[in-house]
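What follows is a group of structures, each given as structure tokens.
Shared between the two complexes below is chain A, which has chain B as its partner in the first and chain C in the second.
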Partner chain A sequence: MAMVEKRTVSLSVDGTSVSVPEAGTVLDAMLAAGVQVPHLCKDDDQEPIGACRTCLVRVEGVRGLPASCYLPARDGMVVSTSGHDLDRVRRTVLDLTSGMLSPGGRGALALAAEARRYGVDGRFRYGDLVSATRGAPRLLDDSTPAFTLDLSDCILCGRCVQGCQDVQHIGAIAVVGGGERAHIGAFLDQPLVESICTSCGTCVSVCPTGALYPRAFGDASVPNGGGNAG
Partner chain B sequence: MLAERDALRIDLGAVRSVTTTCAYCGVGCGVDLQVDAQDRIVWVDDRPDNPSSQGMLCVKGRFGLTFVNHEERLTRPLIRKKGVLQETTWEEALDHVAEKLIEHRESFAVLASAKATNEDGYALQKFTRLVMATNNIDHCTRLCHSPSVEAMLKQLGSGATSNSYEDYDNAGCLMVVGTDTSSNHPVIASRLRRAIDERGTKLIVVNPKRIDLCDKADFFLRPNPGTDVALFNGLAKVVLDEGMADLEFIRDRTEGFDEWAASLSEYTPERVEELTGVPAADIRGAARLFARPPRPRGEPVAEGGSDRPYGGSCLIWGMGVTQHTCGTDNAYSLLNLALVTGQVGRPGNGVSPLRGQNNVQGCGDAGCIPDNLPGYQGLGEANRSKFEAAWGAPLPGERGLRATEMFELAATGGLDCMYVTGENPLLSEPYIAHAEEAIKNLKFLVVQDIFPNETTQYAHVVLPAASFAEKEGTFTNSERRVQRVRKAIEPVGESRADWEITADIARRVARKLELPVEQFQWQSAAQVFAEMASLTPILGGISHERLDALGDEGIQWPCPTPGHPGTKRLYTETFPVGRAPFVPVEQGPPAAELPSRRFPLLLNTGRILYHWHGGTMTTRARVLLQRSPELQVAINPSDAVRFGIEDGEEIVVSSRRGELDGKAMLTDAVRAGEVFVPFVKLKEANANYLTNAVYDPKSRIPEYKVCAVRIDKPGAPQTWRRGRRETESVGH
Partner chain C sequence: MTATGAPPFQYIRAFPRERTYVLPALHLLHEHEGYLSPEGLSAVALHFKIPNSELYGVACSYSEFSRTPGKGRQVSVCTGLSCLLNGAAELVNTLSAAPARGAKSASAGQYEVSETPCRFLCNLAPVVAVDHGYVVEANPGGFADAIGARPGPAQRPTAPPSPLEVRRVTARCGVVDPSALDTALAAGGYEGLKAARRLPPAQVTERVSASGLQGRGGAYFPAGRKWETARLRPRPRYLVVNAEEGEPGVFKDRYLLEKDPHLMVEGLLIAAHAIEAERVFVYINGEALLATARLEAALADAKAAGLFEGTEVEVRRGAGGYVCGEESVILSSIEGERAVPRLRPPLPVESGLWGRPTVINNVETVANLPFVLTEGPDAFRLVGTESHPGTKALCLSGAVRRPGIYEVPLGTTVRSVVEDLGGGARPGHEVRAVLCGGPSGGLLPPSKFDTPLVGGSLDPGGAALGAGGIVVIDDSMPIRDVLYHLAAYNAAESCGKCTPCREGAPRMRDLIGQLRQDSAPPDAIDLLDALDEAMASASLCGLGQMAPLPYRSVRTHFFEELTRP
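Right after this comes the complex of A and B.
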């Protein structure tokens, strides 16, 4: 049987021409072109979520600034990943995102490089608005001995929820509550250990900010009970 | 060097990442062991490209592999002097072992390890057959799937899983029998849930205990313990009566149909309901679903869709089928159902005995069984002369002792010497007190393991083995996929790979006996595998080099030549036995021991998610032990009322053979009159103090799944014990 040739599409990313498979996204093309843009909620092995808005791009002839992770690649697209308005908007997004995190915490550390790169230095202080209004019923869940969920390091990207449902088909956690009360939690906000969570750790492996982090393995140095490093 | 994926942005101090295969159950998940500068595992990442696990992991694989770094690891050889085990040198230990093995060569048996690699197994059986001149070698399959193997060998011609996990993705119906898949093979359970969620696959659960998967089941059949034959005969009878038999398949691929069909005449749904407690309507419904499932929604995975107008059905089973005195008959009745519906050998169907240990498939493949040379080549003249030519000495032709026979023989003084590797019979044999007597009877016992355990206490020599993380090799998983095991850390202490230790012993013994010493001169695990492949047609095309070149893929045997892609599905054209015979089986007594006035409850044993088997590994992984530190005895709330027991209360469970302390867990997952105890040993309590040492006559598997027990508050058992003696004296 003859091999079916996989169709590809060609597009331009910041002036570089790249080809990706027909089903690929603009983010795939950007990664193929070696362009570094934050994409916090996109797991390499999962479908896009489109929640974090850090992978915004400008596409000639397309209105607004779409998220590249969700945008199908098309032949002849002309994509730019930087430029005055794009940098400004991305900086604001990162500032708002950083504002969700406790200062100096695990999450802030994980985002530090990107924040520096886009000039999020606290001057804009949009983030303060977010942290001032955001309230969650429980900030720390260390009920399972395997890992800790520290909501003060969470940006609500939803990768953990995706891992729990789409990878493991367990569905123990979700974004619970709405608006400023939205947070990651189990059914009825139970402690994880009392939920259907099996401590498989998939959520930990996909968390981009360390809001979910493993407790000490074996005899390593972090004491039991973890604690809020933030 | 670290994983290329961007996840886990916290610095855990990992300096390298090594891709290998998980050491827990038989699913065979790909893992990346991330290791720090002190050779400690600090994180375990999943492998999305591994076809068996597809990026999934369970809590044991993710958080439980840290046992390799536990401080209790055996680090130096031990030798018993003046009754006490003392540290010694490898030289002294090996010389002593060699001397004693020569002395007891006439009365010697080996327990191989299904935790160890294929290479370890091959070296061990070669030593046993070539140097010790006996086929007395077996492994734990005797305690788990020997009835499945027995039945599958007779009806199909091979004991291995016929299909691939991929067939679960493409099935129209999954029938899960006697396995709590979410606890024992969590990643398979995830895969089943995915099929159900995304493709609308139907699910039939057969289990006396309500398991987590029941939440998604279309039918939950709950037979009384020990009545599986009646249930499966009943399902088959519905298939016949309602014209759902696959007549073409029966005509072309099977034999003995008429006689078998006649044997079912009594098993009407109504009579089966009386025998099993399963409603007749459910028996009819489940039979229809299994024989004629709908095709699943959406595109088939890897072009493996059903080639019939209806979907395929996968039959998946575990110890709930096998660990009975009628275990082999149970397995026959399951296979009969698969044959009559033609649900084997096609895309999206097949028969899968889920394997419990990481390498229980490979251990058998490598020849660690008493009746076959490597690759299930029988002990007949032709096969033996092939191996004799390669190995340079005559080989024994008589079938050896099975594991359970070794202990029965030792108990009566008929066996002098054992070499036990990576097994802990004093935790895993039924009726431990009895097994202990057997072990004490041995004149010489050498144990090779990674941790001290109940069995090492009685050893004359203890040899420290390297763990899976410290050596090269291969494991073969439940879907016959041979996968690489790679060295991530240096061997702990002076521990060494099992095959190296065995080769050292073999050379010493062979030299004294003037047998071919050069047969044990391997320089690497890759060389051991190459020799095994050269003599084993099903593995003939596999090598470490080829596996490494394939990345995460692995190769599913049979793979006879280096150009062969491996085999996803067995029996597509023909069975190794030719035509598959139907085997008529009758429902006998449900179990050897049933509830009585003094022991009014039925005990069922099994596993829980957070522990693995006896717990030698999982109780040494902090996360798992903290998650589940004590033995929970599942009791129905109505029994709790009857015996005045509250949730979480300390209780004593006792049988005619022993007792254990546990914590009552009230749940309607078990029925009134039944209790469930996981067989992990926690805080000195172990279910096998209770279980019954009675065996399936066909496979010699012990009846772990059923015995009669009672529950009491602590302190209370004294009363019944006194009562028992009184009653007995009255009886005499």
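Right after this comes the complex of A and C.
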């Protein structure tokens, strides 16, 4: 491919004019403008997943509330990141996300902190209707010595699977099942220790809610003292 | 793998090692084993060099695949809306109560009874599937004998034409022998293809644009414009015909493929010529066995007759789930990925299969092409409305005297379809509403029956023509039961990718269930309205965005029944 001049596009985010590279997204422009909006499933270094639906924006002339993480930035776009219906919808989505988490757990605390950071108070008004098991045979998987997976702290953003499949090319975990039964799991829903997991830690490092968390060294319950699996 | 004897799963190793054959391999495994066995899944993962967890995630996203071995014969009662309106609940009770399930009848043998939503034989309700065959217009009495008779595929009747109909895509249905190419040729088949091939591809595209033909899968996007967008992009380009037809209450694509498969084959070849497609896929519903068999035979006959001129056509079977009809899910599925929608942009015409420009057209859209090419764009516009020209194959079912397939000019009123074609309410009953657009649409009350049926939204409540399913609801089923049924369906069919739909749809179902039992919290309507707004505006794909429409329509037109018994 021939060398081309690096082009930029200019758009307005909440009244502030901002420029980003031509291939950039509206979320890139928002971050460049210093606008704080939750984007739970978007890793700064990875392709967008589009699952959490918290980075919603309004764009003049565009129907609905598109997710900014995969909306290409175009010259002259007029983007709002808050406003009456936008705030209401984002709150409902965060309420639904909260409803996935066990109250008081590390996921709920992480999400509440995240919500507060963006000026949204965490209300768990849809929490009591949650179906807890999500089709998984177990909510807590502490079979591997290196980390623990607690599905009751998981918001199914998919970042761990992206890290495992697309970044590390290991493929030890996947999103298993659909709808209410969707969960993070391994082949045949076996414990993670039976999978090809190498305990590389990528999934743990990208999890936004702490559903995946490292086990402490010297943990007496771990057979080999918390070293690498396998 | 065993160390001795013939290596197992030889049939899986016969597939080229390309990820696009993952779903065909899973289908074959399921056929051989009766379920997706752990050993079989391992063999598929090994053959395609996909980590087994990743393959497991793919396999589990297709709801038609069983992951446990079945016991005995499978009897499943359709409990779709049209079947419920025709006595399906009574059938379930009778069949489930039978001692030892079939022990009464030696010929029936042992069987398991289950329920499934929609078998797409809605005009023949109630329907019971027995293994891969069907008992239609099922009667609870003497059912064991019907099971014992091992029923085959259901034969759909062809209604005598009505003066209100304009039969274009259905013109040869019931007239030609679907298994004989010569009868299709004698009835003018493939004349449109000949006309198309006399023109350069760009001119074929211009003719289709001039006709105003719009997508008949429910979106009514101009077919010609979609082709033009694809043609602006460099080759290779691909064509996908969407024959997944998974919306409850819609059975017109199956009807067309079962009765006159050559019409669609001809249309497909016209479209492939127009967009200069390197490869064509027909993605068909995994349970549409008769339609698949007739389509495959028609493709083989047309190819043998030299009509393909080098076009490569492959049939791919889906494996369940309403979401499989969503066009970007079809792309993921053909590529051997999980059945979840892709992010848009980019659109499939910009970047579809393997990143190449891909046109996705519905069966009925493609079936309209021979007419456009033989009769011309002006003739196509002779019926229908200015903004929505042509005809639409409607699927009328539910609580109505004469259910069936009716092809009418776009712009025909709901009343004309329900009363004139369908014969109105059943004796002793009263029509309360029609459901237009299935679980992604809404209820329309009789006061709105003069609404003309065209593409787009028909009513602020949410009713839409969509793919053409019209289910008549009468006083035999309370409106809130209808709503609960639709909300439960949408919750069950959510693919689970995005939060508003995955989390919102089950909560919508539960709140409606509580309203139905008069046990809802006082703010239930506020909670439901917030869910409606969030799902409609924040969901990833069209199915999630439209999932709240049944609720919105009932809230708009039947609010009293929602909140009071």
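Miscellaneous remarks
Note that in this section the second predicted complex is superposed on the first by the 194 of 230 C-alpha atoms of A that agree within 3 Å, B and C clash if a C-alpha of one lies under 4 Å from a C-alpha of the other, contacts with A are read in each partner's own complex, and residues count from 1 in each chain.
What we mean here is this: a contact is a pair of C-beta atoms (placed from the backbone, for glycine too) under 8 Å apart; a residue touches a chain by one contact, two chains touch by 3 or more.
Keep in mind that this is a model prediction, so the values were computed, not measured.
In the three-chain model built by superposing on chain A, chain B fits alongside chain C with no clash.
Legend: residue contacts after superposition of the two complexes on their common chain; A:211 is shown touching neither chain B nor chain C. Once chain A of one complex is fitted onto chain A of the other, the partner contacts of A:199 are limited to chain B, with no touch recorded for chain C. In the overlay built on the shared chain, the residue A:170 is in contact with chain B and with chain C.
A simple residue count on chain A separates chain B from chain C, and the partner touching more is C.
In the superposed model, A:160 makes contact with neither chain B nor chain C. In the superposed pair of complexes, A:79 makes contact with neither chain B nor chain C. By the document's definition of touching, neither partner reaches A:115: not chain B, not chain C.
Once chain A of one complex is fitted onto chain A of the other, the partner contacts of A:88 are limited to chain C, with no touch recorded for chain B.
Remark: in the superposition on chain A the angle formed at chain A by the CA centres of chain B and chain C amounts to 110 degrees, rounded in steps of 10.
Residue contacts after overlaying the shared chain place A:182 against chain C, while chain B stays out of touching range.
In the superposition on chain A, A:20 makes contact with neither chain B nor chain C. Measuring only between alpha carbons, the smallest separation of chain B from chain C in this overlay is 6 Å. When the two complexes are laid over each other on chain A, chain A has residues 170 in contact with both chain B and chain C. Interface of chain A with chain B (complex): residues 43-45, 106, 110, 144-146, 167-170, 193, 198-202, 204-210, 213-220, 224. Taken in their complex, chain A has these residues touching chain C: 48, 50-54, 56, 64-65, 67, 70-72, 85, 88-90, 92-93, 96-97, 99-100, 125-126, 129, 131, 155-156, 158, 161, 165, 170-182, 185-189, 195-196.
Per the touch definition, chain B reaches chain A in the complex via residues 5-10, 12, 36, 40-46, 48, 55-59, 62-63, 66-67, 69-71, 182, 186, 190, 193-194, 197, 609, 621-623, 626-627. Residues of chain C touching chain A in their complex: 38, 41, 45, 50-58, 60-61, 63, 321, 323, 338-339, 343, 345, 491-500, 502-507, 510-511, 527, 530-531, 533-534, 536-540, 545.
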